[in-house]
Amino acid sequence: MDKKIAIIGASGYTGWELIKLLFSRPGFDLVGLNSESNSGRPVSDLYPDADPKLKFTNYTIDEINRLEPNLVFLCQADGYAAANASKINSRVIDLSRDLRFAEGVVYGLPELNRKSIAASRLVANPGCYATACILAGLPAVQSGLVERIVFDCKSGYSGAGRTPSDRNDPKRIADNILAYKLSSHPHQNEIRQGLGLAAVSFTPHVLPVFRGIMATGHMILKKRTDAAMIRDKYRKFYAAEPFVRVMDRIPDLHDVQNTNLCCLGGFETDDADRLVVVATIDNLLKGASGQAVQNMNLMLGLPETEGLT
Amino acid sequence: MDKKIAIIGASGYTGWELIKLLFSRPGFDLVGLNSESNSGRPVSDLYPDADPKLKFTNYTIDEINRLEPNLVFLCQADGYAAANASKINSRVIDLSRDLRFAEGVVYGLPELNRKSIAASRLVANPGCYATACILAGLPAVQSGLVERIVFDCKSGYSGAGRTPSDRNDPKRIADNILAYKLSSHPHQNEIRQGLGLAAVSFTPHVLPVFRGIMATGHMILKKRTDAAMIRDKYRKFYAAEPFVRVMDRIPDLHDVQNTNLCCLGGFETDDADRLVVVATIDNLLKGASGQAVQNMNLMLGLPETEGLT
Amino acid sequence: MDKKIAIIGASGYTGWELIKLLFSRPGFDLVGLNSESNSGRPVSDLYPDADPKLKFTNYTIDEINRLEPNLVFLCQADGYAAANASKINSRVIDLSRDLRFAEGVVYGLPELNRKSIAASRLVANPGCYATACILAGLPAVQSGLVERIVFDCKSGYSGAGRTPSDRNDPKRIADNILAYKLSSHPHQNEIRQGLGLAAVSFTPHVLPVFRGIMATGHMILKKRTDAAMIRDKYRKFYAAEPFVRVMDRIPDLHDVQNTNLCCLGGFETDDADRLVVVATIDNLLKGASGQAVQNMNLMLGLPETEGLT
Amino acid sequence: MDKKIAIIGASGYTGWELIKLLFSRPGFDLVGLNSESNSGRPVSDLYPDADPKLKFTNYTIDEINRLEPNLVFLCQADGYAAANASKINSRVIDLSRDLRFAEGVVYGLPELNRKSIAASRLVANPGCYATACILAGLPAVQSGLVERIVFDCKSGYSGAGRTPSDRNDPKRIADNILAYKLSSHPHQNEIRQGLGLAAVSFTPHVLPVFRGIMATGHMILKKRTDAAMIRDKYRKFYAAEPFVRVMDRIPDLHDVQNTNLCCLGGFETDDADRLVVVATIDNLLKGASGQAVQNMNLMLGLPETEGLT
């Protein structure tokens, strides 16, 4: 029997990507696609190949519950997840920031928490920057090599969402790069928690590019260390991971756009005992909706990569 | 009497910018515009408003000398400057990397060496990345606050020059950001020398933008320091500088494109004792040809800002 | 004595460009810069080199009148000009669409109406598309060569203004070109009137570029005509025009961005008796604020090109 | 048994797209990937998920023949196809311009020649512009409505290939649109032949976009005709076509990028009896490699859409 899926907040970028990943996937039925602003509009306006009968909805949570979905994705702005998650009867993956540090919620980074994700009723999908930074730093930090890290990150403007703002204003972003929240971005704590390292600094920038994140990890090492040996550690650490690639060259956004991959490369050291590791992901896929589907696959007992390759 | 100026290597980006700054400037006469590949071609092909009689040339150094220029700009690829500079009779500004560490040559950063530039026969124009990083770090380093710096820099692809390469391939740069020379860029030493600080790490990236550099300076402080106080130090340090702006907000590329300005802002600290300073310049102006004209003004006894505002 | 200038609607793109053209121009004093949304904000937020005392205002029309400006620019959305122009005591240039066909108002295309602009109290500044298309077609139409024209036009997205819409949504415009109002754009009538030709069709497109318009004029000729002869007609027609360039090559947006020029080129014919003329302008300058300043110069008895080169 | 496929000229854009369409397609074996410049290089450099054993080759035609491929794609520059095609023993699809008008060669537009493609040994794949224009015009022309057409086309710069040129120079294309070959493009004849209409004019432009073509067809009608009726004709004409979509809105590049679709829309008429039809395709897929695979499917007796959705 088809898996029944509902999406609440289906008309933002992450909702659109989820729809794209699921509307033609065999064995799945999108029973609710809640969007206040687009309710009634056919999804084929977005995706010419979608079934014209598939439309955005505006159900109440009660109505969603009566549809008995196997899983509900919450793709709303920050602030709504706690209330909604408590009322939904089915399993839930929340893509907002709200529940990432909450009690009883599993942090949905499969490379960290694969087993507990599979067993969880409520999963908090990681932030896009945090996904890239944690995957970039984890093997080095867990090897005890790292004293502190500065993550200098560059994101496509889809990271700023669809609501017009300073960070997706087409005049501002054209021919430009914007630095923001230099020292106090909420993702900083998420990265520190994921890595188990307090001495982590984080600064994001917006690129004149729609999708993709590059995290340049500048890791101050406790002592001089051979770069090739570090790359080897990364290869071993991620050998069994279906979506992490450790490369011989430096990855860029083209390696990951429209994929669920996280590419890692660089692994150079300089005479100031700094190690550089570069991570790239698609912020809307491995950084959001792709990872959410990866988590859904784990939760529903499906092959982890199904629908993502 | 008009100042006579020659440019050798006039058909690269820095040559073009020099021509643009000088072709309609009153009191200047472009007596030689050497370009092997464009010799004979009218400059009005590039700039519709240039005098159609102004053409690219292919003079020998002897012919250049016989024209008795007041100053010669060398805009060639790395490797030619030492030989050419020694044969030219007039004063010389070299825009390549060749002479920046050479004996008897003044490093042409006016904010550091204004007086000796004015008196010099031969000036080595700073690199674009080095200009941004040195100006970003100087007040903090000279105040003794800084333990180490990681400069994470992002440049427009005009920094890679006009010769086709991996770093200006339109397919590669579109919708992308490219990290390169993660740990060993020759600019690193130039920055260390300019700042007088050895613990400097430097990593450049190429943006899908034609012109502009953002240098994000992550400065590890020796001890917790008030950010507002640091901004004040910067304001005082650069108070008399005609082309440096210390801003209340974070500068971006739009603030500096097509200008000779260096904008500085940010000045935030985090709980890991990192200070962030963001510097932006136009890599082809303050990072190359504009700074060269600023140096020329100093060398010829003209007002430093003439032709640059 | 300084000319006193007021701008009503000063925080849209055309207002910004007017401010940029005037804030540092000797002999001019910006006495009012009305913007409801930015009232009180310093202009130096936009232009780091503006006097920090220069601020956006929110004056009533009466207050504007009491300042006794020499000229007022109206840069508001369509619908306000008629009412405001009638209340303002000074001379007025309106940049909206409202008054372009109105009685007693001069259509402000200097190449058509130079003398009557100089004498007028109220000038309607032409639309950006209309400026490019009229200048592209005028010599051919007035020579009686043309049976019909299809103008296929491509504009930077600044033409859609600052208010978020489908035509400046960064996701939609990135990596894209958008055709719109295929057959019924209000500019079509403006072009027909300016050219004195009814058989004119017009279709606009939006480019992933901030500023610049290319108008590709496909002119069906009454009979086979020598292309070189047509180019000559254009050269003679525009010989005395300070801002129109007839080129040997095909112009592109780089030739005109950030200038008040209109570049014309192409002048090829094919075996289906079609002539192609390509015109490019900067939609915010020759297509709006630059042309408005050109008109202001004429109205105030100043040299027509002052402040525009 | 797996189908054996060889590609000659495998390191240009069309070769890359073919590899991407085939390297992971079940039932296919890429036995030769000839590229002089990349011989020996692993394909996984381009596509991280390709088998690292799959490498570019540099076989002679004799060696290719001995591999007994089921089909060979020729992706070389113009000028090589006739000689190579005559020496290859297997079936051939040529993507160059060379054979499109040759005797005994089938023009590979499935919407025109589906049956003869299936039976042919040698197919000439259509040009990208011609594909868009023919599909945009065919129903109207075959209905006898059209007197003449002006196709104003806009292409991504991948259409100019990978060899550096004026039309893919990153400095020239950034923030720009380039018109070229205003009246004499070789595609013009291809369009005339495909449509069976002589009064066709064609002008191409290059966009600051990597992939995608928009063809804006300005069709002068013999007499006033109802636009809705014309759209209906298009719907019926293409009702059975798997890759042509007739839309209610105007298509743009996002509708077709990375797909083999041709989207058609617009269908507006104006008071000068002009009909506007807008067609969009991905120039590298429906305009080149996707259409080549569609042709291959027909030639090998496979479902026409296999590997393309």
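Think of it as A, B, C and D in the order they're written, each chain with its own count starting at 1.
Going forward, contacts are C-beta pairs under 8 Å (C-beta built on N, C-alpha and C of every residue); 3 or more make two chains touch, one makes a residue touch a chain.
These numbers come from a predicted model, not from an experiment.
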Field rot_deg for pair subunit A/subunit B, CA superposition, rounded to the nearest 5 degrees, holds 180
Quick check: how many Å separate the C-alpha centres of subunit A and subunit B?
39
Taking each chain's centre as the mean of its CA atoms, subunit B sits from subunit C at a distance in Å of 35
Intercentroid distance (Cα basis), subunit D paired with subunit B, Å:
45
So which bits of subunit C are touching at least two other chains?
175, 209-210
Once you draw an edge for every pair of touching chains, what topology comes out, line, ring, star, complete or other?
complete
In their complex, what parts of subunit B are in touch with subunit C?
48-49, 175, 245, 247, 249, 255, 258, 261, 263, 309
Contact footprint of subunit B on subunit A as seen in their complex:
148, 150, 152, 154, 172, 175-180, 182-184, 188, 198-201, 203, 205, 207-212, 214, 216, 218, 220, 250, 252-254, 257, 266, 268-270, 272, 274, 276, 278
Interfacial residue positions of subunit B with respect to subunit D in the complex
13, 157-158, 162, 164, 168-171, 173-175, 210
